[in-house]
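Since the structure comes first, as structure tokens, the remarks are kept for the end.
Just so it is clear, A, B, C and D label the chains in written order, and each chain counts residues from 1 on its own.
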Amino acid sequence: MPTLPGVHLKDEIAKITHRLRELGLSRQVDRAVWDKIELARHAERPYTLDYIHHMFPGFIELAGDRCFADDAAIVGGLAAYMGRTIMVIGHQKGRDLAARTRRNFGMPRPEGYRKAQRLMLLANKFGIPVFTMIDTPGAYPGVAAEERGQAGAISATLLCMARLDVPIVAVIIGEGGSGGALALGLADRVLMLENSIYSVISPESCAAILWKDSGEAHLAAQTLKLTSSQVAELEVIDAVLPEPRGGAHRDHAGAAHIVKEALEDNLRQLEALHPQKRKQERFAKFRRMGIWRENGLTLF
Amino acid sequence: MAQRVSVNISRRNGAPGDAESCPGCKQLLSAAELKESLNVCPNCGHHFRLGARERVAMLADSGTWEEIAAHLRSADPLEFFDLRPYSERIEEAEYDTGLGEAMIAGTCRIHKMDTVLVVMDFSFMGGSMGSVVGEKFWRAADTAIEYRFPLVAVCASGGARMQEGILSLLQMAKTTCAVDLMSQAPVPFVSILTHPTTGGVLASFATLADVIISEPGALLSFSGPRVIEQTIKESLPDDFGLAESNLSHGQIDMIVPRNQLKDRLVQVLGMLEGGVACALEPLWEEEAGRPGRGGPLAGALGRIKALANAPWRSLKG
Amino acid sequence: MAQRVSVNISRRNGAPGDAESCPGCKQLLSAAELKESLNVCPNCGHHFRLGARERVAMLADSGTWEEIAAHLRSADPLEFFDLRPYSERIEEAEYDTGLGEAMIAGTCRIHKMDTVLVVMDFSFMGGSMGSVVGEKFWRAADTAIEYRFPLVAVCASGGARMQEGILSLLQMAKTTCAVDLMSQAPVPFVSILTHPTTGGVLASFATLADVIISEPGALLSFSGPRVIEQTIKESLPDDFGLAESNLSHGQIDMIVPRNQLKDRLVQVLGMLEGGVACALEPLWEEEAGRPGRGGPLAGALGRIKALANAPWRSLKG
Amino acid sequence: MPTLPGVHLKDEIAKITHRLRELGLSRQVDRAVWDKIELARHAERPYTLDYIHHMFPGFIELAGDRCFADDAAIVGGLAAYMGRTIMVIGHQKGRDLAARTRRNFGMPRPEGYRKAQRLMLLANKFGIPVFTMIDTPGAYPGVAAEERGQAGAISATLLCMARLDVPIVAVIIGEGGSGGALALGLADRVLMLENSIYSVISPESCAAILWKDSGEAHLAAQTLKLTSSQVAELEVIDAVLPEPRGGAHRDHAGAAHIVKEALEDNLRQLEALHPQKRKQERFAKFRRMGIWRENGLTLF
């Protein structure tokens, strides 16, 4: 953000002091927010392949964008489910150092998004519903990734999802970080696990930009409203899924069971709709996203 | 998102007569000189940023601009407060730029061609996309579909509007849906990328256009250069993310200098329109029921329909 | 095209008891040993080529194979003559392989799943694609659409059949059209790439499948390694064009060893079939008129229809 | 081609000697074939951009595959034509050394074919007919091009053309070399300039493989049947377009005029058909490609 002219420093300092005092009162809330962020990023938290392991025993992974590479930061494939087939696609982090490197810390490059598009179109061709799991700090910020069209790969994935005739259910299972996360999130139903986060920017980066101090990440986290309950209040997601006692990392199977039930529930509802009607509702939902003022009214 | 793009902000509100040094050739240029040359350095061709109103004046035929959704304002949905409240930042941006938001939208004629035009302004909070930008884009797209006009989007953005949190992120999905509706119509959609277009705007509608035009030297990247440098711990190539690099990497269709932009834009729109006319012409019997376009009657019908729907359309669907 | 691929041809018609040295581990393997292990080296896993008949025996449930278009033969349309006449080369290939062409096609059951299966044989003139291969593929696709069976193509090819000149090139376009007809149905189409699959076959139907499976170590490239070496005047990377390199470069879905191939293939087909069933199930009223699939009745109807059309279908449309 | 067992050298030599004598009789025909090949490759022969220059004054070039690069070996863009719009796509060779290098001698990499697909889909969206010009020795044989999916890029372009609802006219203007040429040639009408060639393999490579001697290129050329009249006899193309006296290289404007008239003619015929009917005919035509024996009959 540029520093704008006309700022009177003395007034500002008074305001900040006041605001900090207010925040002091809500320190407990603040702590709760940061706890959730730590849970969302917990090294033992179940990742996409953990959910797949518990939910879809016959999973068949499909690879490649047919163009440049197979990006291990996004996995996808076919699974048997409720007596039929489902296409499962999700960000994948690694648990040990080797896996983290191979998975690029769950940060996809353009070929990851292009693989996702390819699999979605394959699913659409055969009337296979799409299920995505979102768990990434964000798309990979690298020179080569930019050169190969990181932005265009994300926008094309969004457009691809908007166009699918099949039902789409997305679950944010951990970190829903910025555009790299949203790219798998243009779904008929977007669900969020209790201890996951969904944010336009990481609290650290936000603090670095706005407070010029990444140490203020706690403050940024508080103000960004990125926890599942806060995001739900903004009507950006459709439901929050409770986690097993203590958090998903304590009970992978239990977490997978909760996700599976929610998926079944939502798919049943979505499949009862005519595809055209389902798409209309998808568009109406994203059309409503946002809160603004108009003719003196606040609309959302 | 890429609000972290570092861009030199040249004050656009300085008193006339203020001289500015060109980042391209270091030559001092007077405000009057710059204004006359559409904010392009007459010496080296460096493209300075252009405000949204100036851009409209440059592209739209004189007196044809009618703004859409001008009354929309941010509602500060998160009651966001960093070093200053978001509401205050907005007020200041309004005061400084004379704009209500980082995007203005409207209908106009460009070389006599009816067009819906949306223009972003980087001076308004870094051209960031929040709820209002998303909604304005949707209404512009709606108008384009209703009247069967093409839509032109002039982009300039640091990315998502952090101060609206997750709501700003979702504007990427919202504008994408709007693009798809235009695709279905189909109405032509052309984007013009100017310095800088980054983050969530580049990763949504800006790169989904039928034809993507960029001004020379514009920075076009999803992540900002500083973020990438921090990640890869190396300095970036000189042409990193520039329009010229994007062109050779296949990401955009063409680079057009500002003084040729209006003409080239109309040529592209004309070509795409010509195609639509061809597609919808009932050359064969079975398709005769499909809606036509063009011609005074179709235009008039579109307008009447749009007016009839106006009250509904001003509220959220 | 890539007939220039250099591949070691191991004689498949040697007397039983002939021993062969494994290119992977140099170990001597007896013909009986190889046959038992599906032509895979029991020591290092090197995949030797497999003849078309052996491939059918390996994939199809015993006694379920019914060949399609077995009577098609090359017509030597160019009266091609190099060091020997094309017609003589064909006769010799027929004699040596017991096949009428480089591809056999048929219906069969794979783990009880009705399937149309086409298999190429590299021993028949380098698995090259001429008019007969193209026509057989088209008829196989036609059968798949008619019966609503999935189609599986086991590929092994040096490219186009030079001796049929431009006609062989056009088989790429022809088989592509056949793939599109399957897409429209839709019936699932899976390709299995074996060593080597190159040139015009790789650049047409082989890479247009819904799911692309490869055997380990298979050479998959459009141009042959020798041609590329001559062009770039450098030696190639060790893994050039191999299945493993193709996998990491995003060109194929998976690599499956031969002994797991049948099981994996049925899983993939089952998944895609499950999807089709779901797509065509009249869950909603408006779509109830759309043709269903699966179930004994649908199968029977398909067969009757196919038989009724048979005389017409055996001639060119 | 493998050397097959069971070949008796003496017989062979006798046959070859006989055959060579036959060929000697047709030396004049042979010379005519090679002349055509030289004309097809003539350095002054009009290239795609030359035809564009003469046929479409308002041509707007569009760039990029939105994925990896802009390949200068294939050019494409929008042009005004007969009072409406047409999408023009063609292989592009370079005339001087710098241009040849930049255009990679007209040998496309995967991104060239992907750009072509993108432009075709754009045309299809707006009902714009597609016009392709074919002039390439073949797709580029390089390691990186293979790694980025040269084969898949070609097959996907063929599939893309098969699927277009708009009319497609292709003209072979120079060298129609193998799969790299065919990739732009799955059209409703395929026309061929008189002195152009269309072949599955270059005569030089063919000779190197079959005669083990690339010096036998003349012999290979003769037997491959790659001239416009020979290709027409095989019913692979729809028409041969006569060239200006002495060849297209002597009169670019004249050649362009001939191509333009043929394009108009064919487009008019194609546009009179319902899109569905047009596609049916396209499929029927490619289905008929090939000559084979069946039940004692030779079918073509």
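Simple rule for what comes next: contacts are C-beta pairs under 8 Å (C-beta built on N, C-alpha and C of every residue); 3 or more make two chains touch, one makes a residue touch a chain.
The structure displayed is predicted, hence computed values, not measured ones.
Participant: Between chain B and chain C, what is the separation of their C-alpha centroids in Å?
Facilitator: That pair's centroid distance is 50 Å.
Participant: Could you work out how far the Cα centre of chain B sits from that of chain D, in whole Å?
Facilitator: 41
Participant: So what's the Cα centroid distance for chain C and chain D, whole Å?
Facilitator: Measuring from centre to centre gives 27 Å for this pair.
Participant: List, in ascending order, every residue of chain C touching at least 2 other chains.
Facilitator: If we look for residues of chain C contacting two or more partner chains, we find 207, 249-251.
Participant: Multi-chain contacts only, two chains or more: what residues does chain D have there?
Facilitator: 66-68, 148-149, 152, 156
Participant: Name the graph shape formed by the protein chains and their touching pairs; answer line, ring, star, complete or other.
Facilitator: other
Participant: For each chain, which other chains does it touch, given as pairs?
Facilitator: Applying the touch rule to all chain pairs gives A-B, A-C, A-D, B-D, C-D.
Participant: Give every residue of chain C touching chain D within the complex, in rising order.
Facilitator: It comes out as residues 1, 3-4, 7, 9, 11, 71-75, 77-78, 80-85, 89, 92-93, 96, 125-126, 130-132, 134-135, 138, 158, 160, 162, 164-174, 176-181, 199-200, 202-208, 220-223, 227-228, 231-232, 236-237, 240-241, 245, 249-251, 314-317.
Participant: In the complex of these two chains, what residues of chain A are touching chain B?
Facilitator: So the residues of chain A touching chain B come out as 1-2, 4-7, 12, 15-16, 19, 139-143, 146-152, 154-156, 158-159, 162-163, 178-179, 182-183, 185-186, 198-201, 205-206, 208-211, 220, 223-226, 231, 234, 236, 282-284, 286-295, 298-300.
Participant: Inside the complex, what are the residues of chain A that reach chain C?
Facilitator: 58, 60-71, 78-80, 83-85, 111, 115, 122-123, 125-129, 166, 271-275
Participant: If we count contacts the way the header does, which residues on chain A are in touch with chain D in the complex?
Facilitator: Residues 66-68, 110, 114, 148-149, 152, 156 of chain A touch chain D in their complex.
Participant: Using the touch definition up top, name the residues of chain B that touch chain D in the complex.
Facilitator: 183, 186, 188, 207, 210-211, 247-254, 264, 267-268, 270-272, 274-280, 283-287
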